[in-house]
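One chain, chain A, links the two complexes that follow: it is found with chain B in the first and with chain C in the second.
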Partner chain A sequence: MKTGKALYLELAGIAAAVFAALLCGFIVILLTSKEPLSAISALVMDPLANSFNIGTILNKAVPLMLTGLAISVVFQAGVFSMGAEGQLYVGGFLGSLAAVYVPGLPVWVHLPLILACAVLGGALFGAIPGALKAYWNADEIVTTLMLNFIAILTTSYLVNNVFKDPESGGYARMPYIDPGLLLGKIVPGFSAHAGLLVALGAVAVVYMLLYHTSIGYELRLVGKNPQFAKYGGIATPRVIVLSIVISGALAGLAGIVEILGIHSTYKDNFSAGLGFDGIIIALLARNHPIGVLAASLFYAYLQVGAQTMQVGSDMPREVAVIIQVLLVLFVSSQAIFAYIKQKFVSGQKAVG
Partner chain B sequence: MVVWQTIWSQIMDLTLIVVLLRFMTPILLTALGGLISDIGGVINIGLEGLMLLSAFTSIAVASGTDSWLLGVLAGVAASVLICYGMGFFAIRLKVDIIIAGFAVNIFGSGFTIFLMSKIYGLTGNYNPTGAPKIPLVDIPFVQDVPVLGKLLSGHSLMEWIAFLSVVFCIVLIYRTPYGVHLRAVGEAPQAARSLGIPVERVQYSALAWSGVFAGLAGAFLSNGLTNMFVKDMTAGTGFLALAVVLLGNRNPAGILIGSLIFGLASALTTIVQTIPGSPVPSQFIQMIPYVVTIAALVFFALRKKRRLEIAA
Partner chain C sequence: MPALLEMKSIHKVYPNGTVANRGVDFSVEEGEIHALVGENGAGKSTLMKILFGLEAPTRGSISFKGQSVSFQGPRDAIKHGMGMVHQHFMLAPSLTVSENIVLGEEPAKGVLSLFRDRAKEQERVAGLIRDYGLKVDPEARADTIPVGQKQRVEILKVLYRGAKLIILDEPTAVLTPQETDELFDSLKSLVRQGHTIIFITHKLREVMQISHRVTVLRGGQSIATLVTKETHQEEISRLMVGREVLFRVQKTPARPEETVLSVRGLAALDDKGVPAIRQVSFRVRAGEILGIAGVEGNGQTQLVETITGLRRAVSGEIRYLDQELRNLSVAQIRAFQIGHIPEDRQTSGACLTSTIADNLMLDHYRNPGFKIGPLLRKKKIRQFAKSAMEMFDVRAASEQTMAGALSGGNLQKVVVARELSKNPKLLVASQPTRGVDIGAIEFIHREIIKRRDAGAAVLLVSAELSEIMALSDRIAVLYNGEIVALLDNTPDLTEQELGYYMLGIKTQEVASQ
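And now, the complex of A and B:
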């Protein structure tokens, strides 16, 4: 839809927003740190200083890409789902069950089964708020938030009482997954795990889905103008449900990839907000899959930077939160972007 | 069955009601704040973050100045200040109000940890010794009456403020010119503007009110219910409050009932958690409010649909 100059302006605007948010973060560091320069350098340079940190950035970007895609799909359909967190738990949980408790399958059957269980779990859990919104008009923001709690509490109960590894002590988890099923390193000696390939594949699939299939077209149309879509003969309720189902599937995939790549089994409360980070990613990415790729890498870089800063200076890593918040606000400001467009695009047109 | 006996005995000696009142207070206050912003058409989902900011500010100031009142006021002021900032982004810079609220939540969680680390060098919780708490109200004579005493006397001042706030909100929303403006702006901002109502100013004030109430609730968490600040101590109360607004069908009396249900579930959860070997998992009791909220949402939506069908 956006071509040429408009696209470049949009990108330039986002770059400016990123720059402004970083600048505000630096100002906070300058004002509160006793060693501001080493803090800033630890924040900006250290994440790229060695291959281990770069691997960590890639590993952190993997779940962000998947949840970012999950949220982008619903946002493009005009559905304000905040449910990726809950869907991620359900997907991760079912996938782990398949991994731990289904014995004796060859890997090439078992691994697809695990992924399928996770995807299906997330998708079905997403179908609940989807149906509630599409057919009963129940506000999806609240239902998804409520369902997040329900998912986290239910899985927490199950992992603490039913599926708990007796050896895991106070910190509940399932028995460890067979190492042969885990996502290994892509290149030996480099810490990035194979989940990256899954995430990149998902970016490509979602891109194709949104921009090169009729489902994607309907989905975007419903998001842009539900009335028009309805009169155009699109079954809006079906599209709404479908968008959250796809979103849930991606969130479920995020959960199981994080488990197979990082945690080696299902752990109680393993996500700590990955689903909500997905919302930030989608906002930064303007709900575009390619944008999600870039935004996840940048966001992961910022997260690793926050950690290296905490280690290498007197600043706590929460400084990054200030940057993240301003980033979200600047990038989402329609007034700023309308101003940029008016200033640079309609300059040639005679605006009265 | 140990559980039922314990719950029953706690009902009989009124402990359950005392605990219930204590737990419903922050939910009730925050939900009233959410209600005003909701009615003004500027839905504030940042209540969670506001509560955290207020909780930290109020205990820090209370322990620094040795005055609970200054603590509470500072907490409310911090919360209101952030609301104006949120308003600036949402109203002036046209950030979607949901996104602005979302940002406030991240900010509240992160910034309180940042401050705790920078000011006190602590990472998990801030537990000042001897910080003054919001006082309890002992009613003379009544406190000596057997049942009535326990029901009415000895509650935190903030619990009374919460109940009075329900009345205050009813008056504010339905009985004042401001309330008329508020509802007009929420229902039809364009029409309100054409009638000369200062729409932006009303929206800012609606957000500020939500900040006041979320601020009171946050101060109660750190300065009344407990005597410390723990990172992310709100643990979803702000989201519960959002749900209560809808559960209460967007009116103060309904919100009072909604808060009672949520408070009861929280109270039962704590009781069950303290009983070893309970047959009812605490997670499922904790879940009740969320399930009830979803059911209520569907119920209200269906009722609205039916009304529309009858009208058509």
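And now, the complex of A and C:
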């Protein structure tokens, strides 16, 4: 909860960072492109030019929202888990196993089962670094990064050997999931799939969890001031484990939604960094669920812009990557915002 | 005669917008002890930081010895003959007293002055100690000498660097009454030898005792400069607070009833695993305040932590009514009607980056009355916070204000509000008024006594002897982890008497209860 003015300043700061990053991108384009205006237009306007592109933005935003939420939850608890990527693979993998290898269930039983497997898989995989940190004081940054390798390489081994679809040829994937189980289009003729609804629902649930439940209260207090939490009788280790478990559940959900919405089955290396993008989203969003929603949409918009620019101009998509990187740099430089705030507040407050 | 130091219309606005000084005039004459008083946040420290070159004034001028000066840093100030003794001592613990005094400006000899001249060092340090009567063993290691002597070393450091004007920032905060008397003797002797002293404090008794003149700051402005002989405590405190202050806490004799807290043979270790309290036994009855006096660091922190469940006991028992508290979790203990005002409100007592409402919720968020299913009833929480703020006179824009934006006094009132709003049967109050302004001290003292009169048992731990004596019905003195005296707080009990126990000079056979 923030007072109106603090919130306003925070938003203004982020908007300024976005603007500055875009400006830097434009300068790069102006300096290198033969037809800079059409390149800029391809980057900025084309993603919104037709409903297909808009649908693509929404589809790309779905996993970003979920992993962004996953990271926001742990970050709010003061736990710096980098493990969303690994949890996403584990969740996606277990969910896909349930989808492919559990036969003969009606959809309304089967689909919840698939989601439950994915969520549980991510959550349990998250519990490992959580317990290591809470009870043995192991640094969560190290453990989660290492566990990412374990998750990615183990699932990769399994899908390349044990669970490989014999008909997939050189391509490592499981057999295709029954189309009846996939997440279809929300509106016929519009490319956005039903994962969007799942992601929006998750935004609402995480918001309520963080700001309107006692678990969220404990979680935020542990993140903000562990000593105060201890003094207040909050079982800090339990909260730490719980935060990564919730985070892992969301990451697992991200994995299975991506599979059911986009890939139609478990494919080797299907994520390619969605879990790490979640860190960027959480940074941009200041760990707030509503911010995650906005940041995911914007980030997906930039990604689609990168493609449209590559297609529609002489600029490579790397320019968009430059903008993304600068964005992260600007937003995470807290010092700038502290400075802006000081300028703003200066002379108004008088405290002796 | 022109003043030795003249600070004129000093303004200071910090980058975060805090206005600490708004037109302070401050002048000090040669050879006087000038007290600088004011509530917390009145701008005393800022003014002294500006004087010492640690902060640059936004506006205003400083002249020293008739010359206009603007110091770029402490080095500059020291060169001009100023010295500052900070509240927190800055000694290298593993060096000797003598090495600490000369540190950074050691007498040197030989080729290129590469070698320490120990003979000269000894001679000069011994000379300083002799001339100013600041008794301390120059060869003792700094970490082995008591607090009072550490302070002398700090003063000697300043004198060694040739200071004529010495600034002392709340020098008596860490001292026992005896040590304070000795410090005052040294200060008088310094003044006799031509030094000038600025004495920052908020203890008015000391102002009356030692100073020649006193300047009062309030809200970043200099309110008045008075000749001490021509004024009295009440006038100074009125100027500090801006209104009349009750000096004596008014309370009726205690009417103690059944025992609420009974501690027997309690022992616990500190963070390093060294015994911090040993064989501590006492009891607190409903309707009485038991004060724990003692120089800080004699086990008070560990005692409170052990009772409130933050630290494990090694042995002994802690009974609350019929309930054994020893080694219950903090949550289990907080679930009883036990309130705990922790000694450090900045870290343990409050979450500065949370709202006031969230800070007040610490015990209530589990309370079914504040929930519907898994969801918190935000509206009810806000109402609760609002009424608590009103009842405990917390001055803030709203219950959604960040706790970190509050002044020390208001923040402490939030802590007190939270702990008292659970109607404690036992209140453990540790340093309940440390670093808060006089108005808040008065308020918190009244609240504590109100609880006592309503039948609560109060365990009061404070390094402020005057607070212990003003509030307590009985006083236990903690020295080196043990209770060395258990006294009734009768009118003929003096601070000196307590001081002897606090220093471990006297011990009473404490009859086990």
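The criterion applied here is as follows: the second predicted complex is superposed on the first by the 348 of 352 C-alpha atoms of A that agree within 3 Å, B and C clash if a C-alpha of one lies under 4 Å from a C-alpha of the other, contacts with A are read in each partner's own complex, and residues count from 1 in each chain.
Convention: a contact is a pair of C-beta atoms (placed from the backbone, for glycine too) under 8 Å apart; a residue touches a chain by one contact, two chains touch by 3 or more.
What you see is a predicted model; the values in this text were computed from it and never measured.
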| item | value |
| --- | --- |
| Chain B versus chain C as contact partner of A:S51, first or second or both or neither | neither |
| Which of chain B and chain C A:F228 touches, first, second, both or neither | second |
| First, second, both or neither for A:S333, with chain B first and chain C second | first |
| Touched chain A residues, chain B compared with chain C | B |
| Chain B versus chain C as contact partner of A:N269, first or second or both or neither | neither |
| For the chain A and chain C complex, residues of the former touching the latter | 1, 3, 6, 208, 212-215, 217-218, 220-221, 224-225, 227-228, 230-235, 342, 345-352 |
| Residues of chain C defined as touching chain A within the complex | 13, 15-20, 22, 41-43, 218-220, 309-310, 329-335, 340, 342, 347-355, 357-358, 361-363, 365-366, 371, 374-376, 378, 397-398, 400-402, 407 |
| Of chain B, residues touching chain A in the complex | 45, 89, 92-96, 98-100, 102-103, 106-107, 109-111, 113-114, 117-118, 123, 236, 239, 242-243, 246, 281, 283-284, 286-287, 290-291, 293-294, 297-298, 301-302, 304-305 |
| Chain A to chain B touching residues, read off their complex | 32, 80, 132, 136-139, 141-143, 145-147, 149-150, 153-154, 156-157, 161, 276, 279-280, 283, 316, 318-322, 324-325, 328-329, 332-336, 338 |
